[in-house]
Amino acid sequence: MTLAEAPITPETMPVAEPAPEAGARTNGIAMICYSGDLEKTWAAMILASTAGAMMMPTKVFVTFWGLQTFVKPEKRVTGDNWMQKMLSIMSRPGIAHRKLSKMNFLGMGPWMMRKLAKQYNVASPAELLEMATAMGVEFVPCQMTMDMFGIKREDLIDGMGEPVGAATYLGYVGDGASPLFI
Amino acid sequence: MTLAEAPITPETMPVAEPAPEAGARTNGIAMICYSGDLEKTWAAMILASTAGAMMMPTKVFVTFWGLQTFVKPEKRVTGDNWMQKMLSIMSRPGIAHRKLSKMNFLGMGPWMMRKLAKQYNVASPAELLEMATAMGVEFVPCQMTMDMFGIKREDLIDGMGEPVGAATYLGYVGDGASPLFI
Amino acid sequence: MTLAEAPITPETMPVAEPAPEAGARTNGIAMICYSGDLEKTWAAMILASTAGAMMMPTKVFVTFWGLQTFVKPEKRVTGDNWMQKMLSIMSRPGIAHRKLSKMNFLGMGPWMMRKLAKQYNVASPAELLEMATAMGVEFVPCQMTMDMFGIKREDLIDGMGEPVGAATYLGYVGDGASPLFI
């Protein structure tokens, strides 16, 4: 269910079950990929792909600016109305178009970062995303963000889970996964 | 106790008790509402109100820029000395005056976000805050931030808990709640 | 092991062991000190020193912009090649040179914050770092960030742990520590 579909009332919200055995942790990670900045996208993808490789059950809830990272590279503009279109033009979607939160300098900062990464054999965010998915990490888009920004399922890269809301995310935490807000 | 009142020494700090039963999690959330940006305030309020509705015991420690969000809407300037007053003028307090961290464009970004939210039936940060409080989520202000910014109890919205310090917050985590820094 | 040294494959990555007793939490904190901004550095150091004083086993993984905070104060420029040197010049390293993420106003914002902190008896980030280290908090640098930015062990302040990668950090979480991304 999504916050956008129904008002939050005790009747409409699932109640978080305590973890299977009282106090059990599942050894899993419940990440919120919130930021669309290049550096934070990188940090999120490094942690997600590493957690996947370490066999830690990992879910990544993709929301707000973070969702733009998961728009297909060939999509230039997303949205139905002029406001949504304008937002996507002001901040170009796609994992290859993330900008640094500071020292962007008309793109020179990100260019240097990517160049240094290549030189020191650090995988790019796009490569890490592919690895993470291959390792079984599940990326789930936030329904509310999709609604607000007018982003549709077909705008998003392949392999993502069904859109969910904050309640589903918090359910992962209630089930014992450790939250990480990035 | 607060960091502002006493130096940190083993004698003056409480020792975090291990969770009641060794290794138990309380299924709760211990959020730090740190950012005063519109988008992050929104994310924090969505998670807090949803956690409340799901009956997850939820505490929100409100600190740094986040505290400005919880100043009463009618308060224009807070602080005792010129520096504190200037800081509150440079960044207007109140939940209705949060700005986007990027694409602010003299207020057009936030205006579009709020308009889209309304169109897609997403509750505003102020509405979510009210819901969260009604659902039993406890918002506690950071004493040190209040001291530094000269914000007084009567400047803050009604219904907040007693001011506490970092040690009280970490006590929630020590008791088994999952931390979330937003 | 570091991400920079080897590709991520199931063979090269350690598998996260479930916590010692199934579902046990260690009552510890596994912080990621990611941001180099003054306010976030402050928040991270307050939490780390307080957790240390409360005897919570605390590890701080220092990565991305956060690593610049841990460069020795006397170092002005770090890096081997012109790009790395340029990055360190654009964003001066050292804990005394952190800037506010907003309201920097050519340094007036940070000056006011530091002045207010002194007036209200709040320890500086550098003092808190010293306290935290004295309290047994372990600060470990991210190998990948050191490689990308050309920062060497001898550029970093004394008392830090051996450089590690994301897998080591996630191991702390797998062992039951609560993650905090700041």
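Some points to look at:
Chains: A, B and C, in written order; residue numbering restarts at 1 for each.
Here is the rule we use: a contact is a pair of C-beta atoms (placed from the backbone, for glycine too) under 8 Å apart; a residue touches a chain by one contact, two chains touch by 3 or more.
Note that the structure is a prediction, hence the values are computed from the model and not measured.
Residues touching across the chain A-chain B interface largely differ between the two copies, under half of the numbers being common to both. Chain A and chain C carry the same sequence, and matching their CA atoms takes a turn of 120 degrees, rounded to a multiple of 5.
If each chain is reduced to the centroid of its CA atoms, chain A and chain B end up 23 Å from each other. For chain C, the set of residues that touch two or more other chains comprises 19, 23-25, 176, 178-179, 181. Interface residues of chain A facing chain C in the complex, by the touch rule stated above, are 19, 21, 23-25, 27, 29, 39-40, 42-43, 46-47, 49-51, 53-56, 102-103, 105, 109, 112-113, 115-117, 120-123, 128, 131, 135, 176, 178-182. Looking at the complex, you find that chain A touches chain B at residues 3-5, 7-10, 13-16, 18-19, 22-25, 32, 34, 63-65, 83-84, 86-87, 90-91, 144, 147-149, 165-167, 169-171, 173-174, 176, 178-179, 181.
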